[in-house]
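Encoded as structure tokens, here's the structure I'll be asking about.
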Amino acid sequence: MKKNVKLCMVGAGRVGKNHSHAIVRHIPSGEIVSLVDPAEAVRAETGAEFGITVGFDSLEEAIDKVDFDGVIITTPTPSHVELTVIAAENGKHVFLEKPMALNLEECDRIIEVTRKNGVLLQLGFMRRFQPEFVAAYTRIQAGEIGNPMMVKSLTHGPGLPPKWACDLRTSNGMLAEVNSHDWDAVRWLMGSNYDRVYAEIANLKGEMFNVDIPNFYDNTLVNIKFENGTLGMFSGICPCSYGYDARMEIVGDKGIMQIGEMKGEAVIVCNDRDHGLVTPIFKRWPQRFLWGYIYELEHFIDCIRSGKEPAVGGEDGRWAVAGVLAGTKSFQEERPVYLKEVMK
Amino acid sequence: MKKNVKLCMVGAGRVGKNHSHAIVRHIPSGEIVSLVDPAEAVRAETGAEFGITVGFDSLEEAIDKVDFDGVIITTPTPSHVELTVIAAENGKHVFLEKPMALNLEECDRIIEVTRKNGVLLQLGFMRRFQPEFVAAYTRIQAGEIGNPMMVKSLTHGPGLPPKWACDLRTSNGMLAEVNSHDWDAVRWLMGSNYDRVYAEIANLKGEMFNVDIPNFYDNTLVNIKFENGTLGMFSGICPCSYGYDARMEIVGDKGIMQIGEMKGEAVIVCNDRDHGLVTPIFKRWPQRFLWGYIYELEHFIDCIRSGKEPAVGGEDGRWAVAGVLAGTKSFQEERPVYLKEVMK
Amino acid sequence: MKKNVKLCMVGAGRVGKNHSHAIVRHIPSGEIVSLVDPAEAVRAETGAEFGITVGFDSLEEAIDKVDFDGVIITTPTPSHVELTVIAAENGKHVFLEKPMALNLEECDRIIEVTRKNGVLLQLGFMRRFQPEFVAAYTRIQAGEIGNPMMVKSLTHGPGLPPKWACDLRTSNGMLAEVNSHDWDAVRWLMGSNYDRVYAEIANLKGEMFNVDIPNFYDNTLVNIKFENGTLGMFSGICPCSYGYDARMEIVGDKGIMQIGEMKGEAVIVCNDRDHGLVTPIFKRWPQRFLWGYIYELEHFIDCIRSGKEPAVGGEDGRWAVAGVLAGTKSFQEERPVYLKEVMK
Amino acid sequence: MKKNVKLCMVGAGRVGKNHSHAIVRHIPSGEIVSLVDPAEAVRAETGAEFGITVGFDSLEEAIDKVDFDGVIITTPTPSHVELTVIAAENGKHVFLEKPMALNLEECDRIIEVTRKNGVLLQLGFMRRFQPEFVAAYTRIQAGEIGNPMMVKSLTHGPGLPPKWACDLRTSNGMLAEVNSHDWDAVRWLMGSNYDRVYAEIANLKGEMFNVDIPNFYDNTLVNIKFENGTLGMFSGICPCSYGYDARMEIVGDKGIMQIGEMKGEAVIVCNDRDHGLVTPIFKRWPQRFLWGYIYELEHFIDCIRSGKEPAVGGEDGRWAVAGVLAGTKSFQEERPVYLKEVMK
């Protein structure tokens, strides 16, 4: 199996490290030939950890100096459109982390520039590649629970996100940064687009964490009506303190399906009968979605090799952004918001 | 232990049978001395099954002929106010099934008449007495998960309710008939009243079951903002086909708690590796909440004996009805509805 | 339903209390009309707790003074044969706690005297009435796992038994006092008698608990070959410290079945991601086998009413005692022992 | 990270494929530079599947033609000693599949030849590298359950092993071929060697599978007394039909620990309330111990790189073989057998 797909990792932070690990360690068909990050110390650390010896401050420089097939963009949301344009116009395939962009105009620009330049665009919705989610999708398609009627999802994460990701003036906040995966997963499993959404938010831990962002919220519950008349909801809590939690439940007209669990390891201990059984939990997202990250990146590499279209692309990213915008408008205006209001 | 509390069971149908079973079989301190139901065949069957030999067409007749301390009202919602008035004015304590009544005026009348006549009023929210819910409440009070931030609940039941209970012209529909327990349980565990609610509904199985009621719905998702700023939601599905399912999940600023499970029996079988492990499920509500029904009725009997106020009373029933009214208004007007709009 | 079966509870200690609770609280068809225990304080306490106002020092006295249909013998093993003889010769049906007796001669005497006097004899193997064990038995009979090939069982209990029950000079020790239920359950589910047994024992906590009994053991592993050629094993640990644990696993030529679980309540909590999920455990045997105790005593009462033979009787008790004797001989002589060696 | 450890895979069958997958796919620091198998078709298939283009009929030929650091021996047990001698005498490090050898003389020869030639010897006990087993070991070492008192293990596999592996005239049968891992794991977790063992066997499916080997058995239960006085047992069933099942349970003087589970995927479905919840199971060993295989081979490669001694070596393999020999002698002579009888 030749190491014949060459990649440039753009962003050397948490996600850049996670994806580098997946490729270097578990995907022999891909190779990271350069690492881009203007923060030299971070770049050096990530480069050293994964044996990536070639690094640059900017994507342009990397393109100029090194030959590669595609880029993996793991930088903050505001930079997505610009980096994608650079990559696409230089003929590089694009793997883009969620959320796709800050607004629909940027999404359109990303879709357009990749199409026009004939490069692939894959969005980083790794749940679509996580084995138990894939198994659930396959079972639903096979009719095991009949026609889906109602879907529930949750993403609760332990740590406070960086400030820019909590502030609606610089990002779309938790609905985008934490719940992008829920937006995508409920739409994928229900096989229908959102018709309207209603979102409640609350700021319940801000004071505890000394957050002074005026529009900060750390809890959300989103209600969704799909175009086909079915219902859905998801919750987001961040920081939630107790671990990394991502599960779904879907009811069809013939049955119910549960996807995922909190248990992180097949060991159970009891040494105090007043306390009870203790089971380890998933603590962090890289552990929770280990295989999803491996398989999504392998899929991207396979698509580059074969030229086939990625299973999750620009339209999927765009719908998730549209959901975020409608959800945000909903809690701001305290009313249900139709997708057509934000999608025009 | 003397059999010294005498009760009159009003209603000999499904719930009347369930409660008769609980008392006759598991509560030695209570005794059913008469059974009221105008449907003679049903009354005869239930009477025979539980050894209740004295039966009447009406509560008035029972009061006239037999001596007892309290009534257990298990009849359809529209009859609740009238039966409570009769009981209270004759000095009988009242155990009243949910939903309390069709509207808040009826609730007020029930509260008033029981107060004025000095009789106890207990609402049939048996989840407050179900061991795992009680354990959860106790743990929350003890601070195990910190301050509750978000609560989720669900009630999914297998069978199509009777026609009157599905039609908004004769009842408050699924939000009342199926989800009364969720309304009460989320309020109880969060320790806060609802501020506003938003409800989505869908009719996804009506056609399959040949339901021709114009306002029928069988799926609902309700979003709740509590007065203390926290969030909640619950779902209702009826008929759901796969069993009787009632679970909750509550997240506090220090942790998460799961209450209840689908598993109905501690046996697991595997005889086909392509199929997997099979675990029995709860099939019906009397099995799911067996202990809740026993303990709530025992509590009522204890209150009669001791004169103490029941732990769940008219105000709790009234809040659940108010939630139902706000939820119904919400899906009818497609907007969030404040409780103050329906409670005045 | 008339309270028409009158019972005399013999023994007012832990088991006497447990069985009184089951009858007084959950079995309306039975009534405890007298309580026998020479220890006056214990008798007074148990009598007060369950409203049994008539008490005696001896069974003879009770028989002389009060009318009843049967006795429930919950006293220490050495007293079983004498009490059974008194009851049987006075025409009282006998419910006898495990272990049946100290040796096979006593078992034979018990079987003989009850037969000759035409009274029923039921052994206190409540697992045969515990819902998940009954469900397992039914599923096995229905062929769900094919022909049973191997059975495993365990009973691990938290507390140190009373001294007489730990000493082979005064009882048959843990194999009898703790594992009688395993002896019976494996034989019942496999549908075959033991052919030979091999037992290992260990004294691993004796020092910690300052036990100075020379033959004391607190851990045992017993291997069983059944007459039909299948295999079985069980473990006993007492005291085990972590809770009350009783589970089984049985493999047939078509599948596997697991019976029971450690989890004692449907609540799960997580408030520390380094610690993990916490689930309450069964702490004590009355909680673990609540329904088994209720149903076995109800079965006894039903048999008295109907005259039908109890489902678990003298032969079953005798086989369990034979197993204990063979197991004890095995660890003493450090070799497998055939049942025919001890049964003659 | 340089691909600097070169390996020769000896044996292209089921295990050879499994280990090739682990290395090619998940261990970038190792490289398979040649594949040895006299069965040309099998070799071609495995070579093609994993991109190993260089293949030979014999290890000698591979050594002669290609440069590598170590061998991975996955061939049937009888070939182990000869292949190890060839490898060691040519300075190649040895990773050897279980069971180590047919008898203790062969074990000694393997230990001696690798020592004398200064090459590493690692045994293929992958459970020592499987995350939940490692976590359990770590927790035990940290004192979480106190001093281990009793260990239970099981390995039940779905398929009938090849004929040579079922016949005591050509191998040591199921105790060796299936239960080698249990022998090693119980010794590892208890931290003590076997003092004596007692084994029961049964042939319960031979007829169903038309097995005509006279000494065939498919069920075994083994009782172990450890040198430190603690107890252990394990079961083997093969073929068991219902899936691949490998779990352990260990009780210490302070608590209990369960390791592993039957559940193979975090998806649960219910679409029939009479049937219940369905959970996928582990079907085959490569799926069950995926990470164990990756980590054990990575450990071997790390040891080659660093020169450090593998964590599981010749002595461990030798003890497992000694257990097999004592167990076999036990069921043949129908008595407990001390290890000193077979180890001299």
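Per-chain numbering from 1; labels A, B, C and D assigned in written order.
Everything below uses one rule, namely that a contact is a pair of C-beta atoms (placed from the backbone, for glycine too) under 8 Å apart; a residue touches a chain by one contact, two chains touch by 3 or more.
Quick caveat: nothing in here was measured; it's all calculated off a predicted structure.
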Equivalent interface to B-C, taken from A-D, B-D or C-D so that over half of the residue contact pairs match: A-D
Pair joined by the larger number of C-beta contacts - A-B, A-C: A-B
Cα-centroid distance, chain A relative to chain B, in whole angstrom: 41
Geometric centre distance via CA averages, chain C-chain A, whole Å: 56
Residues within chain C bordering two or more other chains: 146, 241-242, 254-256, 262, 270-272, 280
Contact footprint of chain B on chain C as seen in their complex: 1-2, 24-26, 28, 50-51, 131-132, 135-136, 139, 144-146, 252, 254-261, 265-272, 280
Touch list for chain B against partner chain D, complex: 158, 241-244, 262-264, 270-281, 283
Footprint of chain D on chain C - complex, ascending: 146-147, 149-150, 152, 156, 198, 200-202, 204-205, 208, 219-221, 223-225, 229-233, 235, 237, 240-242, 245, 251, 253-256, 262, 334-336
